[in-house]
Every structure is written in C-alpha cells, then in structure tokens.
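Have a look at these structures, which come just after this line.
Next come two complexes, and both contain subunit A; in the first it sits with subunit B, in the second with subunit C.
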Partner chain A sequence: MTTSKLFIDYFMQYVKTRLQYRSDFFVQMVTDIMFQTVNLVFILVVFNHTTHLSSWSREEVIFIYGYFLVPFSIFAAFFNLWEFNERYIIKGELDRVLTRPVHSLFQVMMETMTPESLSGALTGMAVMGWASWEMDLQFHWYDPLLFLLFALGGAAIYGGLYIMLTSISLFSDSKTDIQPIMYNVGNYGRYPIDIYNKVIQIVLTWLMPFAFVGFYPASFLLHDDRWLTFAMLTPVMGFLWFALGIMVWNLGIKNYRGAGS
Partner chain B sequence: MLSIEARGLTKDFKIVQSREGMKGAFRDLFDRKYRTIRAVDEIDLGIQSGEIVGYIGENGAGKSTTIKMLTGILQPTAGELKVNGFDPHREREQFVRTIGVVFGQRSQLWWDLAVRESFRLLKKLYGIPDEKYHAHLDRLTEVLEMGPLLEQPVRKLSLGQRMRCELAAALLHQPSLLFLDEPTIGLDVLVKENIRRFLKQINQEYGTTILLTTHDLSDIEALCHRVVMLDKGTIIYDGGLTELSRQWGGGPRLYLELEEEWDLTTLQGFTKDITAEWQHVGDRCYRVLLTGDNPSVSEVLSRVVPHASVKEIRIEEATTEDIVRRIYQEGVPNA
Partner chain C sequence: MLEKYVELMRLRFLMMLAYRVNYYSGIIIYSLNIGVYYFLWMAIYGDQTSINGTTAVQMATYVAVAWMSRAFYFNNLDREIAQEIRDGTVAVQLIRPYSYLLGKGFQGLGEGIFRLLLFSVPGMIIVSLVFPIHLPSDMSQWGWFAISLFLGFIINTQLNVLTGLMAFFILNNMGMIRAKRVIIDLLSGLVIPITFFPEWAKNILVYLPFQGISYVPSSILAKGISLTEVISFLEVQLIWTVLLWVPIRLLWLSARRRLVVQGG
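What follows is the complex of A and B.
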C-alpha cells in the first residue's frame, strides 16, 4: 500500500523533472515516437522478406516478436540499472539511499526508472494486433488477462536476473561485462524455441529463462498448446526469479563496503 | 539514556593485494592474495542523548567507517552496537526514521528537483503527517533562511545554500539523533557561523543528539563539550575539550624579545621554581612554555624584568588545532 503510494509520488516527481526541461521533453517525445515507428516498420520489412521459420509462419513469428516487446519494455522502464555501478557505488549515492526508511532496491528502481520506455509496449501490441489480424486470430475473454499476467511475469524474470547481475557491484566494485552479454542472450527468447537444439532449449528455459519472456506465453496466445505448461509457469517463474534477485541484492547490501571516505 | 552504545565495534575490509608487473597481474587472475585491513578496531563508545560530540581524526583514521556503521550503511565485522535502541544495519528501515544524516561532500537531495519537491518526496518517504510537516518546514525555513531557495533546483544552489537545505532535509522527520560528516567543509566563515548557531539551537530546543566529524576544529570549539579522537582505528582520547587542552596543550606561550642576547641556562635559572621552559627562537627572541598547574605569565615576567630589559611581549594561547597537531605528531603520551 505505502509502496504503491510511494511509486506514484516518485512517478509524479519524475514527470515534473521531465517537464522542467520543456524543450527536452518534447524532443524526447518526438524521438520516442520516431524510434518506435522506425522499429515497427523495420520489424515488418525484415519479416516480410522471410516467409517462415521452420514450422512457423511469418505472421506467427511477427506475433511472438511483438509479444516479446511488451514484457521487455516493462522491464526496460523499471529496471534501468545499467548505470548502477557508476552512479550508486562509485559516486556513492547508495550511502544516501541506505539512510532512508524504504527498501534500498525499491528506491534505486524508482530513482532510475524511465517510464517513457513503456512506449515500446504500444509498438509491441500494434505488431501483435497486425499479426493477429492477418492470421484472423480469435481471442477468448480470458486471453487479455493472461496476457497481462504473462507480460508482468516475463518482466519479473528479466528484472530478477538483472537485479542479480547488478548486485555483483555490491560485492566487488570492479566493472563486469556480463550485463551486455545477458542482454544479447535475451534476444533469443523472441524466436520459437523449437528452432534451437536441445541444450539451448534447456538453457533458455531454466538457466536464462528468456523463453518465458517471449516464446512460451506467445505460443499460448497463438493457441498452440504444445507448451501450455510452460506458458502457465510464466508468472511462477517470474515470482521465483524476482525473489531470487531480491535475495541476492539483500545479501549484497550486507556485504556493501561503502564508497571511499 | 544512552543514544549510542558501542562495545568492541570493529570493521575489517578485505583488500585484494595486486602483484607487480604483467606477470603479477596474470598470477592475480588465478591466485588472489587478500589482505585484511582493520579500519575500526574494537572501539567502545557511549553517547548520552542530548550531547553534542565531536569526532575527530586524521584522514583514514576510521571516522567515516564508524559513522557508516552507526548510521546502518555498513555492517560491523564484530562488536555490539545499539543506536537509539536499534541494531542499525539489521533493523535499518525502522532505525533510520530516528536519525538524520548529512554528508558534507555528498548531496542528500535530488539534483534535478526543486528544493521544495525534494522535501516533499522526503515527507512521503518518511510518512510525515501533513500538519507536522508544514509546521516544522515553516520553522526550518525561517531559522535557516531558506525562503528564497525553496523553488530553485538543487543543482543551482551555492554550496552554502545547499548545506542549509541539506540540514533541513535531514531534520524534516525530527530525528532525535543527527549525524554530520564534515558539515562545514568548503563553507565561508559567515555560513559556518550560521550553521553552528543553528545546530546549537536545535540541540537546546529539541534535545537533538549530535555527532559530528570535522577537520575544522573551530567547529568543535564552538559546539562540542566532548571530543572523541580517533587514530588508526582506535580511540585515543574521549573527554572534555578543556581537559584535552590542559592535558596536552599546556598553558599559554610567552614570546619575549629582550634588549640583548642571554644564555638559556641563565634564563632558565631565573624561573627555576616555576615550571617554565625556555627556548631560543631567534635573535634575542625567546619562547617560554608554561606548563604545570598554575603557570602565570606575570610571574615569569616578574622574575625576568629585574635582570633583563624586555623589548616586546607577546602571549599566545595554544589553540585546539595546535594541540591536535601535536598529538598526531608526537603520538599519545602516556594515555
């Protein structure tokens, strides 16, 4: 309760800060719209050249890709932890965060969020809409609800994983390059999993569970029941990975050594 | 009531010891050698609520590490610690509601927000009720003269203006204990004085306990009745400021310029029944250190004047700075 209230407060402050730089705000908005439009056109053009991917039709591949953008942009909006090491560890802002009576990770997330990244979700839904219109896909009444649940679960999986990677900075302040690598691996979740060999399938399901962010739930929404169990596991996996992320973070805070004097 | 209670408080840091050269760097990759550095070494500290205590020490003496343990930022390696009745690190979220923190070198406010907005967000973070918040903010605004600053973004404030806002931010939730780490660093004399006056005022008005670290000993002189001195992670002095100067500073110093050159032993002979130590500092210039219980300048003079004619007299009181410098240079004499 207090957390959601605080979220709104932080969000309002964020908007106020953005509005302060008026020209910057408009420029940003125009850039965002342009970026998403280019992204949309790019997806359609690229996929128009491939007819199908193994047993998957072009529209289905596009649909999965569009779905992936939704959890991914939720993740990108609220887990913008790329500069954590630089800003919070080296510059020492974590010291300030730790003297405030709210969970440290929540504060860091709120201070670094970029809600405008959510516009990517709109692009994703537009792509999904176009693909399902082309395929003449019919949805059940519960599909939108599950879609929301899946998207949040996927974002939580991504979030948990990145929280863990970010927590490395709490144990050692040397820079690691795992984050960009993981970021690239994340892209594999947006393609049908049966195009990969067995080992990669296992890795993408259990070790770096990106298939839950893209493919599994999307296949369910495409009414393909072969991965039904996995699709339904998405929220559970989201919860587990997010909880794991928080555990590692808390352990890291215990280990935190503080910024130099 | 004790506000801070520490027993055997210790903090170790593990540091990777890197080897020399390219070959060493490769060896480091596989076989790391760690060295443990003890930043704070089993200190005992008890601070009563309502006290203003100065915490001093050279760079690297362990001041900041102690403060970070007391504020819950760092977990102690060993020892017992209770601050305001809490274990600062384990019960952090509840504990920090009862303290205020100002780090002079680092802003506690949000850089891009107007001061008022920063305060408002803090109000939400601490869950301060509206009425209490407005009343208290009005009071702080008046005392710290922040009226014209409230609508400006923090990044546009001068250092002195920012520091006043930082203080207000740390006090919004009316903590009973205030930590100040170098609160007057880089400020001009006037602002320093204002801030000291303000700190004294809140100490008297609300009974706020204050622990401050500083390099500027005039802060300590102006504010603290008690100083805790830290060196290499251990407390080397804990007591009153006046006792400190009596114990180590000695009495005043007397500078004399005489009409002619005198032999030191002869001069020493004039004052052999009082504890005065003569030193030759220049042409016909002498310094007399007055130590012991009741050194008196007039007594020295009354013994010298019958023999030698005095051209000029200057008396210097030992400052806290001198005393502290001497302690660091000469180490702790029979402490």
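What follows is the complex of A and C.
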C-alpha cells in the first residue's frame, strides 16, 4: 500500500522535473528511437545478402527483435542505474537514501527511473505486429497472457543482472565500466540461438541468460516448440535472477562504508 | 611542451593498471563479442563462400581485427567531459597550464595504448588460434594498418570530445552519448563492413567520418587491398582529422563563454 503510494508520489515528482527540462525529455525520446532503428537496420542490411539465418527467415528474426524490445524497455524504464557509482557512491547520495525507512534499492530505482523509455515497448509491439501480419501468424487465446509473463520475466532477468553489476560499486568504490559494455552483450539474446556454438549457447542461457530476454520466449510465440522448456522457464529465471540481484545488493549495503567526506 | 601531455598519458596508463575488474571483464566481453559476431556472420554466409567479393575467411578476420581495434580506439572521454562540465570541475581544469581538450586526448591515448598492449595483442594471438582467420604476413601491410588505426583513434576521439562538449548546451546529454555509441558501432563498419550496405547508403557513408574509425583500418588488414587504395583511404582519414577540428574549436570557444557551473 505505502509502496504504491510512494511510487505515485515519485512519479509525480518525476513528471515535474521532466517538465522543467523539456529539451532533455525530447532528446531522450529521439535517442531511444534512434537506438531501436539502428538495430533494425542491422537485420535489414544483413538480409540483403541472405534469405535465411540458419533456418530463420527475415520476418522471424524481425519478430524476435520486436519481442526483445518489450522486456528491454520495461527494464530500461526502471533500472536506469548507469550513473549509480558517480551519483550515489562518489557524491555520497546513498547516505541520504540509507537514512530513510524504505528499501534502498526501491528508492534508487524510483529516483532514476525514465518511464518515457516504455515507448520502446510500443515500438516493439508494432514491429511484432508487422512481422506476424507478414507471416500470417495465428495466436492462441493464451499467447498474450504468456507474452506478458515472458516480458516481465525477461525484464526481471535483465534487472537482476544489472542490480548485481551495480552492487559491485558497493563493495569497491573504484570505477567500473562494465555496465555500458554489458549493453552490447545484452543484445545477443535476440538472434536465434542455434546459430552459435555450444559454448556461447551455454553462456547466453545460464551465465548471462540474455537468450531468455529475446530468443527463447519469442521462438515459442512463433510456434516453434524446440525450445519450449526454456521458454517456460523464463518467468522462473526472472524470479531467480532478480532475487539473486537483491541478495547481492543487500549484502553490498551491509558492506558499504561510504566513500569519505 | 609535450612532456606535460606525455605525463598525463602515462598517468592514465597506470590508472588503468589499477582497475583490474575492468580489465578482466573486458576480456570476457570482447571474446563474447568476437564469438557472437563470428557465428552470426558465418550463419549469414551459410553455404555461400563469398559475398560482395569478401570471402568467409576475410569476414572472420575482419570481425576479429575490428573488435580488437575497437579496444584501442574506444574511450569514455565523452562521458568524462560531460561529467566534468556538469559537476563544475571543468572550471578547475581550465586554469591548469595545459590545453584541456588536448590533455583529454592524451589521456584517451594512454587508455588506448594500455588496452592495445595488454589486451588486443594477446587477444589477437588467442583468437587466431581459435577461429580460422588469416592475417597478412607482409610487414608493410601491418605498418599501413598501424597508421590507419591511429588516425581512426583521432577521429573517434574528436567525435567523443564533440559529444562531451554538448553538455555545455544540453544539461543532460547522457542519452545522446549512448546513442552516439550505437551509431558509431553501426556506421563505422564495426558490425557491418561498409561494402555490405545497400548502394544508396554506401554513397552517403563515404562522405561521413565514421568509416575512418573502424572500416578503413580493419579492411586494410583483413582484405589485403592495393597500395593506391590504401593511400586514398588514409587521405580520407587525414582530411577528417583536420575537418573535425573546426567544430570542436567553435564549440569550445562558444562554450567557454557560456560556462554555467551547476551548483558548487
């Protein structure tokens, strides 16, 4: 109850600051759209030179990409932890957060959220819609429900992983550039996993489970049952990784000593 | 005159040595990048042995060289400059007895040399053992590659400085910095060699500075192009390093006039 009330208050606060810096809002929207088109361009250019990627057609790969955008933008909207190290550790804002009676991670997430990134989910669904129309794809009545569950699971996997990476700053106050690099790697889950060799497949499934954010659930929605078990595991993996992220965070908070001054 | 800058470069090199987490994670991430793009391109090739006059082996070599070069030319100067503008430390930097921007450039170079020596060179040896790639044995080709790679570094650094300086005009330019990174990865030829773009896009891309960052040096090493072509490539790169100096200079002059330190 208090949590949802706090969320609304934070959101109102956010709207106010956004209205203050209107050009920032505009720039964020434009860069989000740019980011999404650049990745689509890659797929389109590549399919100029081949008809199939392994056994996957152009429309199927585009569908997977569209699906990927949905969990990804949910993640991008609420886990905007890029500047955590600079803002909360080096500048010491975490000390302020820790004196308040609400979970520290919740506060940090609320203070850094960018709800306008959710527009990416609309783009993603439009891309999926176009691709399934092209392929004449039929959906079952339960597909939208599973889609929602998969998307939330995928966002949770991403979130858990990024919380863990961000928590590194709580253990050592040295700068790390891991997060931006991870941004690249996070994209690899949106290509059909059977084009990679075993090692990379294992990495993308268990170590950095990005295949759950894109390919596995999308292949299920494309009525390909070869990865059925993995697709169904998506919400479970989401829960596990998110829980793991919060555990590491809590451990880090216990360990946190402040960066001085 | 130059010693000051060399010292800045040396300090950055030593600083990089201190951040081991970055180093180890970088190795994992770059191996994954090369692996993923290798298999992606091999899937694109499928049964075809050659696309657009590029053989599968040349493509694999291109992927490896392009990513290992990225380790050298890549830096976070845009973020650094934006950060310093926003928290006001740029004011302190401005009164120091060296050019702020040139100092930044040399720091980026220190970072690049660190990764080149401790990362790209050993990485390249491992990659050439794991993947079927073909590197030239002709030393002159390596020489041209080195020159071209350095020019690519300058172009990329200039673009980073430009993006960073935008923080003077847009108070929060983090989104722009991220978008720039993605655009450079695409348009520089890192993820798709310029020759693979459709004709109309190619005609635009040859007039943009991005190809000089990744496509030019990587093709010199991976595809074994003729000397006249190499020379014309280097000319294009050289022209861009000079041209990009103009907007930086203009932005810097007008920025210093309107310097508003937020807080502090």
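The rule is simple: the second predicted complex is superposed on the first by the 229 of 261 C-alpha atoms of A that agree within 3 Å, B and C clash if a C-alpha of one lies under 4 Å from a C-alpha of the other, contacts with A are read in each partner's own complex, and residues count from 1 in each chain.
In this text, a contact is a pair of C-beta atoms (placed from the backbone, for glycine too) under 8 Å apart; a residue touches a chain by one contact, two chains touch by 3 or more.
Since this is a predicted model, take the numbers as computed values, not measurements.
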{"item": "Greater residue coverage of subunit A in the superposed arrangement, subunit B or subunit C", "value": "C"}
{"item": "First (subunit B), second (subunit C), both or neither touched by A:S23", "value": "second"}
{"item": "Which superposed partner A:N197 touches (first subunit B, second subunit C, both, neither)", "value": "second"}
{"item": "Partner chain in contact with A:R257 - subunit B first, subunit C second, else both or neither", "value": "first"}
{"item": "Touched partner set for A:V15, first subunit B, second subunit C, both or neither", "value": "neither"}
{"item": "First, second, both or neither for A:F35, with subunit B first and subunit C second", "value": "second"}
{"item": "Touched partner set for A:L145, first subunit B, second subunit C, both or neither", "value": "neither"}
{"item": "Touched partner set for A:Y188, first subunit B, second subunit C, both or neither", "value": "second"}
{"item": "Which of subunit B and subunit C A:L53 touches, first, second, both or neither", "value": "second"}
{"item": "Residues of subunit B touching subunit A in the complex", "value": "13, 59-60, 64-65, 68, 71-75, 89, 92-94, 96-97, 99, 101, 103, 106-108, 110, 112-113, 117, 120-121, 124-127, 153"}
{"item": "Subunit A - residues contacting subunit C, complex", "value": "21, 23-24, 27-28, 30-32, 34-35, 38-39, 41-42, 45-46, 48-50, 52-54, 82-83, 86, 168, 172, 174-178, 180-185, 188, 191-192, 195-197, 199-200, 203"}
{"item": "Residues of subunit A defined as touching subunit B within the complex", "value": "2, 5-6, 9-10, 13, 16-17, 20, 92-93, 95-96, 98-103, 111, 254, 256-258, 261"}
{"item": "Interfacial residue positions of subunit C with respect to subunit A in the complex", "value": "18-19, 21-22, 25-26, 29, 32-33, 35-36, 39-40, 42-46, 48, 51-52, 76, 83, 170-176, 178-179, 181-183, 185-186, 191-192, 196-198, 201"}
